[in-house]
Amino acid sequence: GGGSDDEAGGEGKEAKLTMAIASAVIGPKEEVAVYAVAKELGYFAEEKLTVETINADGSVAALQAVASGSGDITPADAGSALGAVEKNVPIKAIGGLVQNWPWVMAVKPDSPITGGADLRGKKIGVISLASGSAPYARAYVKAAGLDPAKDVELLPVGVGAQAAAALNDGKVDMLALYTQAYAVIENAGTQLKYLTNPDVFTGIRSLTFSVGARDFDAKKDSYERFLRAAYKAMLFSAKNPEAAMKIGYKVFPQILAGKSADERLKADTESLAAWLKTATPASGEPEQFGDWGAISDDEWAKTQAYTKEAGQISGDVDLKKLWDPSLLSGANNFDKAAVLSKAANYTA
Amino acid sequence: MAIKATARRAQTQAPASVSEDSWIEIDGLDKEYRPRKSAPTLALSDINLTVRRGEFISVVGPSGCGKTTLLKILAGLSPKTGGAVRIAGRDVTKPLPEVGMVFQAPTLLPWRTIFDNVMVPAEIQRLDPRRHRERAQQLLEMVGLNGFEQKYPHELSGGMQQRAGICRALVHDPAVLLMDEPFGALDAMTREYMNVELLRIWQESNQTIVLVTHSIPEAVFLSDRVVVLSPRPGRIAEVMDIDLERPRDLGIMSSDRAGVYVERIRRHFNAAGVID
Amino acid sequence: MATSNLVRKPAQPPAPSARPARRKFDLREKPQLWLVPTVFVVVVLAWEYGVQLLGVDEYVLPLPSSVVESLWQQLGDDQFWGHFWVTTQEALLGFVIGVGAALVLGTFISQIKIVEATLMPYIVAFQTVPKVALAPLFVVWFGFGLTSKVVMAAVISFFPMLVNVIEGLRAADADKIQMLTVFGASKAQIFRMVRLPSALPFIFAGLDIGIVFAILGAVVGEFIGAKEGLGYLLLQTNYNFDIAGMFAVLVVLSLMGLVAHFVIRLLQKRLAFWAEDTKVIGA
Amino acid sequence: MATSNLVRKPAQPPAPSARPARRKFDLREKPQLWLVPTVFVVVVLAWEYGVQLLGVDEYVLPLPSSVVESLWQQLGDDQFWGHFWVTTQEALLGFVIGVGAALVLGTFISQIKIVEATLMPYIVAFQTVPKVALAPLFVVWFGFGLTSKVVMAAVISFFPMLVNVIEGLRAADADKIQMLTVFGASKAQIFRMVRLPSALPFIFAGLDIGIVFAILGAVVGEFIGAKEGLGYLLLQTNYNFDIAGMFAVLVVLSLMGLVAHFVIRLLQKRLAFWAEDTKVIGA
Amino acid sequence: MAIKATARRAQTQAPASVSEDSWIEIDGLDKEYRPRKSAPTLALSDINLTVRRGEFISVVGPSGCGKTTLLKILAGLSPKTGGAVRIAGRDVTKPLPEVGMVFQAPTLLPWRTIFDNVMVPAEIQRLDPRRHRERAQQLLEMVGLNGFEQKYPHELSGGMQQRAGICRALVHDPAVLLMDEPFGALDAMTREYMNVELLRIWQESNQTIVLVTHSIPEAVFLSDRVVVLSPRPGRIAEVMDIDLERPRDLGIMSSDRAGVYVERIRRHFNAAGVID
């Protein structure tokens, strides 16, 4: 498709949207980089949008929320979105968010494990067997030519302290978590060594903006404006993560949970930066970023294949039912320079 | 002390057909207990009895012969297995409001003071509280429980609890009064005093009273007729008219005629082989 | 006075006669025989059409028909039965441990006042802590296997049982205890002969709550970190957006709870029979 | 026979005399006054040194000292009190609703046998379903705000109360019910005068379990999706790797549970006073 | 029917200093109930009494005068507020194993059959089961409860429950037997029969019996001495030696001497103003 540029000026009517965060907690991730920044810097207001957030416990719950109208838009896992469409849940994906494969294997710094070949007989800690980390671990093992069912053991260790404890106590030999989760662990003082992902993982998409399909046409316009504000915020955050984090504290004071901003800022900024790295092009500087939200057919094909392998879908999903990139050109139509300069010169 | 009967007299509007002579009618009554776990027990067999309105009837019989069972059926508490029971022309299938009862065990509510326990029937039937509070107080004084109105049942002796139970059965001035060994836990003297008081209340109020007792002299002293039951299963062995003039006082019990009645009833027990 | 002795040998030997009378079967006397299935059908129909009428989406609350279909499929699957047995095992073990501990501790607490004053605050405090938050500790101490789920089930079924055991053991009739005391009964004998039987209604209430919560506990334990079990299956079906499959698992869990409930009620009828028989007919 | 009347007016007027005797205060009679603090100190010390000796990582089980420090910090934070009140409100509302519903339904169920046969299976079945699995439904029906947490708290405190109410209302003494029946009491009067007072020990056990579970329910409700409340704070501190902070929140939750527990026990002493007085001295 | 006393006789190895003449010693006993919620009640005041080993003592007194209280203190169930109570030379502060008791209310365990209820003391004291089962059976037959062994208490009438309670107190053949109105719920005939049986058992077994009763003739018929208590607070009004030869049969009650005793006790009640 291709959006009409005419609407780009934000001529649409006043609209209220609810963004479902696909996680029960607020942290230095999409809700800061996208929502908090867009809200605080007036990007939503410029689009005549009033946006609220709700926390849904995971991608499936978030997709259920937008499909049933409890929420409007959610950055949820692409695999879950494929699964939803296969089960005829009326949702549409309208723009990408996380571009790079966020999962990675980590071991203790003194571990003899250096790559997939050393995995035989090892225990891998995953978040839960029913989460993105288990299929990732299996795929990783398989890519190394081993049989994930026989050659390794997966143990559900959760994230954060629990995962760190499992690794430190030797209950598992390695962890299969997403980069931002590692940032949290490292910030708490546990040192890690990361294994490189084989090529098979490049191009597989995770967090992707999805909306309910039923009143899609009626809300199309406000979704486009939302995406634009969101991508502006992403650009701002990528340029100045620390500013984004400070804004995050302002909008979501609960992130501090009793601590002071000064105490937390450094660690949270690192954490947010780790997340931003997965959500922006793998190379280049923010000045060069463009084409926010684009997902290529090849990326979709890889994502489909991976999701099928993971068991989330049983066959190929008709992409036309899910993926509607028609809002993206309009969403990318904003003044990058203004955003960048604002980011460079931001003072609280 | 005179206990005034409250003006209210249970709304016993009997059907026109009911004669005052058959106020309570028991007709071929049978009762068999059928416990789930054990063998059935025949408690009452073919009981026939008609009680006049305002009559004072006593029931005597050996322990376990079915006296309590009979009262419970009259009270509408226990289903019969055969026969018919009517009070004031109405079949007794559930408790009737004009019936009051004194239970073999005092059965007071532990969470109520003695006074509030006595007030239970008045409260249930939503009777004029002021008048009945007064009556309750008079009754408690009559039975010697003044000073104990605000105590709780477990602070009373067995006999005191039983006396509270008697007050409770009298407080709403029921038209029919069923009493199951009301004086069993009282010493002989208090018992005699209570007998006299009961007679007085009965005479003032025109109540119909069915009294179960273990004391044959008490039965003779109080009653118009004494029903003698045989050992289990209870059958009517004799219904004896007590032809002593009223009003009676305790002195009458030393009369020969009373002695004859007592002796005749006693002989029933012996004939039935109750005692050696 | 005559020397007969009929108190000893009542004149009518057939005192307790024959055998318990058979009750005849009557549908009007047991209306549940048709009411229960009727209500079931109504509930299912209401669900089926309510979902459609209320506009609840199938991916939030699936139709009973799809749930049954999915259930059927699951029941034919060996793996499903594996999950089923794992959870059953965890729940039962947890139940037995939790309820057993509550019985023992409740006995102590109710008998020795000082134990209550010193222990009860910690028990209540611990109960108010959401166990999910302690998951890391559970895993550190009890590992990833069966144990941590059993502990979870035990911990959650423990408290309702404990409260009921304490309350129940206290409810014993003072007169009965006095009676035993006079005959020289030890505390243990009083416990066995009076306190325990008197507490049975409380204990069975505790067991009833306990077994339901034990199942819940096992499932929640599996949420935190498990490789098998119905809780794991719930996560898995949910992750795969197989909402009908998830509800099929929920149905199975419900049935487990129901069966356990009825077993406990049956046991109660057996063991606390005297409470049944003393019921008033009139009231 | 003489005509004195001393049954009426006992010879010794001072029958119930003077006023209740004051008991004098004795530390040996109330050992809890020193035992409770002692146990507390022992528990805390065991925790502090146990953590170090057992080599439990501080980010799994923090030292009490860090927890206290963190708690102190939290208590000085306005945001914390906001969370606190939100959870308190959710738990109390949920408790009142759940327990109220259980009382009403329990009354029906215990009085009308057929209601039990038709309803109870669904209640038990619903109870065995992990509410977390129904979160999307809850959210669709009750939104992301206060309501869904209140419902969660209500739902979880409902069942223990219901079971206890049913069992308690049945436990009433048949003789007492007969007595009231004879005096013409309606079902409602029997309920008020006998069934309810007899059920009080059960009801208080139910309330005790219920309030603790209501707090738990509110917290779990917040886990599913909330922006405030102590449950949310738990997730957040955990996510932030602030384990001492998380335990500080747990301590606050424990204290909430404790206070609620003691309030209920106090109420019980007030309302079910007669049960106290009938205790045997000898046993 | 002869109920054999079991060979075992409670191990009452009294200290050498205890004379058989002061087997039970009550010395200036006071008892005040101090309920938490209401005013205290003085139940017993300055009771002094010494009971010989093997003596049969009856206690009579108006309802609420403290008879049950006295027995409960002797049984070690209720703390005294003043004075001393010793049985076989030992201070009574808790129940002693050689004491058996019949309670004013039957207090049977609803979850046990009648037979198992009767066996409770034997079970508690771990006595030879075979021999005591036999004895329990004999006792049940004596009181006319044969055929009801396997029934549960609520299937029995009030009097039958009381009889079961009597069997329970006798089954382990206690050295000291405290009986609180054991025959209150029995009809006059059964009661007399039970009196005779009790006398026989007592004579065969050398038990020390303290019986609370409301029947003055019963007290006279059974006892060596009758203790008359005054109305609340109970004080000893008189301790009367009953000088009737033993063994006694019911015929003795029509003798003049017995009549004199009965009359003298009665007069105490009247003097105390118990009855009008």
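As written, the chains take the letters A, B, C, D and E, and residue 1 is the first residue of each chain.
The rule we apply is simple: contacts are C-beta pairs under 8 Å (C-beta built on N, C-alpha and C of every residue); 3 or more make two chains touch, one makes a residue touch a chain.
Since this is a predicted model, take the numbers as computed values, not measurements.
*Asks:* Can you name the chains that touch chain D as well as chain E?
*Replies:* Joint contacts, listed by label: B, C.
*Asks:* Quick one: which chains contact chain B and chain C both?
*Replies:* Intersection of chain B and chain C contact lists gives D, E.
*Asks:* With chain centres defined as C-alpha means, what is the inter-centre distance between chain B and chain D in Å?
*Replies:* So the centre of chain B lies 46 Å away from the centre of chain D.
*Asks:* Find the geometric centre of each of chain C and chain D from their Cα atoms only, then give the gap between the two centres in Å, rounded to an integer.
*Replies:* 19
*Asks:* Averaged over CA atoms, how far is the centre of chain B from the centre of chain E? Could you give it in whole Å?
*Replies:* Result: the chain centres lie 29 Å from each other.
*Asks:* So, what's the distance in Å between the C-alpha centres of chain B and chain A?
*Replies:* So the centre of chain A lies 85 Å away from the centre of chain B.
*Asks:* Enumerate the residues of chain A that touch no fewer than two other chains.
*Replies:* 64, 68, 161-162, 165, 169
*Asks:* Hey, what residues on chain B touch two or more of the other chains?
*Replies:* 35, 37-38, 41, 62, 76-77, 94-95, 105, 144, 151-152, 190, 192-193, 270, 274-276
*Asks:* Could you say which residues in chain D touch two or more other chains, in rising order?
*Replies:* 1, 5-7, 10, 15-16, 57, 60, 132, 136, 140, 178, 180-181, 223, 238, 273, 277-278, 280, 282
*Asks:* Would you tell me which residues of chain A are touching chain D in their complex?
*Replies:* Touch residues, chain A against chain D: 24-27, 53-57, 61, 64-65, 68, 70, 159-162, 164-165, 168-169, 184-185, 187-188, 253-259, 264.
*Asks:* Applying the document's contact rule, which stretches of chain D touch chain A when the two form their complex?
*Replies:* Residues 57, 59-60, 70, 73-74, 77, 79-80, 132, 135-136, 139-140, 143-144, 223-228, 232-233, 235-243, 245, 248.
*Asks:* Note which residues of chain C are touching chain D in the complex, please.
*Replies:* 31-32, 35-36, 39, 43, 56-57, 60-61, 114, 117-122, 124-130, 132-134, 136-137, 140, 159-160, 163-164, 166-168, 170-171, 174, 177-178, 180-181, 187, 190, 201-202, 204-205, 208-209, 212, 215-216, 219-220, 223, 231, 234, 238, 246, 250, 253-258, 261, 275, 278-280, 282-283
*Asks:* What residues of chain A sit close enough to touch chain C in their complex?
*Replies:* So the residues of chain A in touch with chain C come to 60, 63-64, 67-68, 80, 83-84, 86-90, 128-131, 154-158, 161-162, 165-166, 169, 171, 311-312.
*Asks:* Show me the residue ranges of chain E that touch chain C in the complex, using the header's touch definition.
*Replies:* That would be residues 1, 72, 75-77, 94-97, 99-101, 103, 105, 107, 109-111, 120-121, 123-125, 141-144, 146-148, 151-152, 154-155, 172, 190, 192-193, 250-251 of chain E.
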